[in-house]
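In what follows, a single structure is set out as structure tokens and then discussed.
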Amino acid sequence: MSQPNQLADKETPVYPAVNYLNADRGVWSWLTTVDHKRIAVMYLVSVLIAFLLGGIFAMAVRVELLTPDATVMGANTYNRMFTLHGVVMIFLFMIPAIPGVFGNFLLPLMLGAKDVAFPKLNLLSLYLYWTGATLALTGMIMGGTDTGWTFYAPYSTSTPTTLFPVLLGVFILGFSSILTGLNFIVTVHTLRAPGMGWMRMQLFVWAIYATSIIQVLATPVIGLTVLLVGIEKVGGFGLFDPTKGGDPVLFQHMFWFYSHPAVYIMVLPSMGVISDVIAAVARKNVFGYKMIAYSSLGIAFVGFFAWGHHMFVSGQSPFDNGAFAVISMFVGVFTAIKVFNWVATLYRGAIAVTAPTIYICGFLFFMVFGGMTGIAVATISLDVHWHDTYFVVAHFHFIMVGAVIMGFLAGLHYWFPKMFGRKYHEGWGMVAASLIVLGFNATFIPQFLLGNAGMPRRYYMYPERFQGLNVASTAGSSLLAFGFIIILVYLIYALLRGDLAGDNPWQSKGVEWMTTSPPDKHNFHETPVITEDPHTYQKPGEEVEHVVI
Amino acid sequence: MNDFMRNLLWLPVQASTFAKSVDNLHYFVITVTMIASIATGLLAFFFFFKYRQRRSGQSTPNVIPSVRFEIAVIGLPLFFFLLWFVQGFKDYIWYTTPPKNTMDVYVMGKKWMWKFAYAGGGPNAIGTLHVPEGRPVRLLMTSRDVIHSFYVPDFRIKQDVLPGRYTETWFEATKPGRYQVLCAEYCGTWHSQMWGEIVVMPAPEFDKWLQQQRAGLADRVDTGGDDGGDFRGSIVEYGKKVAMSEGCLRCHSLDGTQHIGPTWLDMYLRRETLENGQVVIADEGYLTDSMIDPRAKVVKGFKPVMPTYKGRLTAPEAAALVEFIKSLRSENLENLPSKEAVYEPAKPARR
Amino acid sequence: MADATRKPPSEAERHAEHGTGRYFAVWAILLVFTCLTVWTGRMDLGAVNIFLAMTIATIKATLVVLFFMHMSEAAGANRLVFLMSFLFMALMMIGVFGDLWTRNEMTLPSAHPINFGPE
Amino acid sequence: MSSSDTHARHPYLAEHYETIEKQDHAVRLGMWLFLGTEVLLFAGLFLGYTVYRHFYHETFHEASRTLNLTLGTINTIVLITSSLSVALAYHAIKHGQRQKCLGLLTFTIICALGFLVIKGFEYQHKFAEGALPGQFYRFHEVTGPGANLFFTIYFLTTGLHAFHVIVGMSVLIWVMKGVWKGKYGPDYYVPVELGGLYWHLVDLVWIFLFPLLYLI
């Protein structure tokens, strides 16, 4: 069956009676499913709960920082709050979110396959995620950890707080991440539809493939490092303990060898989402398809070389500081290429103004601002002043909230009709999107200035001169939280009583839109044969105007 | 312009030589970042309106990049990024190489407080450090428990303080005043209260203050209680106590008399000729190495009988010994190399 | 479309003519190399010792990977993936040793050896 | 791929693969990726070893002399022989010789047990001597700085490796159960191959571990 003419004008939307959601009934059928779409929906629910939890911790931290002294909680509780905000947000939301939800749901659909390469392994990843999450959260209840999400060595191995459950939880979450990455790499290598060469895969598939490479090759090192910290804390083996001859900077090397590629595990999938959504929203071929695909792989590989820029002031040698700084600049260039290509994709497009469009506009601004402040922090002399201050906090939130969560929300809104067969209310969508973009700016621009003024991270009490900016940031964060609540409300409403979406509401050329929405249990009735390049929005037989800039 | 940008970005006052060059690069980087991100945001916004979807199912041209465009897209950002790197690395190398004539201060980071001890002998204090204006000050820092980070926003300097070893940083204050020291590496419950203060005084006023402090040193201990820390009184006294307990004084005299080992009087920065004829300056490096590996550089005329103290001296003890040796200075200005060893019991020379 | 049993691809024939002789040959070479490295290991050759032991271990490892693990007949992707992991191990070592070799003497733990052991 | 085709599908062909070759290729690629992650898991420990050897090379050199070289060499030979027998078992099952494959796999598992027993002796000897990691270090023969770190790394690396030997053994036992029940034969032998691959990786790690700890 050749590629159907997806650009036919909208016929009346039909909701398939039998689809993956109601193919088999009962909770047990959900808990033992090997259908990648059901696993994706379960990931979506768990990941949103984790995001809610992380958000609550964030609000607790922001409210505490309203006054220079104790506001609502004691020092120990505050230290637990920011640690858990870090651990929950990074290990339970950012890393598993887009690969777990959209990777699982869309990768087989975009490749024209029936399922991922190892369906049972996919279910095991989900169970490992749940086990790791419960372990980490029980660690919270059993007294919690106050070491920050980085578990730096001499403090994490000598603090009396219960650290072992969280470390074990992170270790198991690492396994879940490895298995997902492994699954996706094999799927992309072996289960592509006939006619789909490497250059005919959609850019979301490229981004997920690059992310999976990082997941598979970087996560084992954090698994070992976290285990070593656990053994060190329990057994006192002296591996990172200077009083026994160990070297704490070695811990930092091993930790950041994973954690810097980990930030690319978080941002690359959202770049993939943006590439796909921007093409669909602008109804145009992606400008510089090859450049974006190769820079995804470029970020994946060169990202492994740059971990030292987290340790500029940690006693690392000036030579290594210089080496890591140069390499960080090259990783920055790959992101710059992508942003230029996305903006160029909008040129002479036919842009539909919808909620994903606002997220994309926000994404582009935040990606450039966040990315370039990252480059600024990589110039070593500035990092001496900025390291471990709120400037760095603002930088990585610009990337994590500004780029990754904007990408996640753009994807959630764009693929919501495909996943659940219903449409969300466009008006509310745009209101919420603008609120979030505004609230985000109001929260994190003051934090850049706080960093310049010299306020260090993880401060429970701070000198009075920083109070003004902190109050502004807290006000902004409540606006941001309000935006997220609105999204939750209208998405749940759309889930229950949204109007039907039909197979291809956005009239997009993605392969995943060829099947019904919500898709059948076995995705495609016949495996599609791919004959065109991805994202080509010309009607068949229409004369195509070629433009080269 | 400098003050306008500094206030715009909420940067603290520039109170050290390093601060100025850092801020100049800062202004350049931040302006280019602001221009680039606003331009991208506006361009995207402009495209949103100019190329709105006018009718449903509207088809669009196939726009592809030319090689020229690709090179520009890679070249332009790379040029700026590498330019910043070069300037940043140059400033950083200047920052990590302290000048020769620095005034050394030993900094001890301990759970939620900073302790300062002047290298050349002088009052050591908890929390406040008095430094002269216009003279480079080098901080030799170590920690007693976990990793801290010595951060002075007004000087734009920050350096992690690691347990079990020394890290160093330096600054040259340009404006008298009181500047806050903050801990920047999470170190426990009261990480947020681990503040200190650097009081920058005009140079003559500082010298007078130091002289006055040193005079009354013997009887007045400035450090206050210390829970079992090994800094009882000044570091020089501590060094003397270590020298006595480790048996150094059996071979090294303190008042210039010849004995089994070279005398420690006026040893610091003395030009010693070694057994192999090589001439070496007895600076901290030589003193520490000789403690660890005495047979490596034996002074001419002396037997290599000194046992190695490798593994028997902890870092603070070795440092205290060095300070004790540096504090033994007689009035004679000219520093003669040591003569040969004398094997009778040492008679205290009358001076 | 899919026939019931494996269609006899050329790959199977290539496997068949490999007798078990190859495995015994590789086994014998591995034992010889083990004895060699043990014999040279305890000799006091200084720095050469480390280099020699590592080259022998690498030769033994490549033998095991190529013949016992059939990397020689494996598909391209499998080889690429396995070699990438060694590349990243080497990258981690280079990054860390770039720091240790050029670090200021004072900031190395070996500069102030703290002897922890029986008093 | 409509299900109405005349040929019976291959008994172990999962329904989302077209042919058994595609599935075999996918399974092998998945296994090699997993072996890559195992290599990187041990890479962390090898990095720890090289860093601390860089800091305390005399003590590491001295301490490696106190290890029992004969037991180490026997262990290496045991593992290499078990690697051979696994390869032969894979060869046998590919040619349908079920009994021979079972015999060889049992021999491999016996070798693995032997390796663990010898390792047990070495550990017991170390516990007696007091050559234990970190704060438990009471060994009098080696007293230079970093001596306790050598034994920390010794116990961590050999401990993690022994754990992988146990996992490898259980994988081989699971494969033996399949061979015993006749699941695997000339037309379906990939699981035996994967069990063998994992065992060869365990042997590969020991090939590097043995000189680092015992010889240099």
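Here the chain labels run A, B, C and D in written order, and each chain numbers its own residues starting at 1.
By our rule, contacts are C-beta pairs under 8 Å (C-beta built on N, C-alpha and C of every residue); 3 or more make two chains touch, one makes a residue touch a chain.
All values reported here derive from a predicted model rather than from experimental measurement.
Of all chains, the one whose Cα centroid sits at the greatest distance from that of chain D is B.
When the C-beta pairs in contact are tallied for A-D and for A-B, the bigger tally goes to A-B.
Measuring from the averaged C-alpha position of chain A to that of chain D gives a distance of 35 Å.
Between the CA-based centres of chain B and chain D the separation comes to 48 Å, rounded to the whole angstrom.
Chain A and chain B have Cα centroids separated by 40 Å.
Our note on geometry: chain C versus chain D, Cα centroid distance of 13 Å, whole angstroms. Residue positions of chain D touching 2 or more other chains: 1, 25, 29, 33, 36-37, 40, 43-44, 47, 51, 55-56, 143-146, 148.
Looking at chain B, one finds that residues 162, 164-165, 167, 311 touch two or more other chains.
In chain C, 77, 81, 84-85, 88, 92, 96, 100, 104, 107-109, 113-116 are the positions where the chain touches two or more neighbouring chains simultaneously.
Remark: chain C residues 1-6, 9, 15-16, 18, 20, 23-24, 26-27, 30-31, 34, 37-38, 41-42, 49-50, 53-54, 56-57, 60-61, 64-65, 67-70, 74-75, 77-78, 81-82, 84-86, 88-89, 92-93, 96-97, 100, 108-110, 113-118 touch chain D in the complex.
Listed in rising order, the residues of chain B touching chain C in the complex are 140, 162, 164-168, 310-312, 314-315, 318.
Chain contact summary for the complex, chain C toward chain B: residues 104, 106-109, 111-115.
Residue ranges on chain C touching chain A, taken from their complex, read 77, 81, 84-85, 88, 91-92, 95-96, 98-104, 107, 109, 113-114, 116. Those residues of chain A that touch chain C in the shared complex are 185, 189, 217, 221, 238, 242-247, 249-250, 253-254, 257, 304-305, 307-308, 315-320, 323-324.
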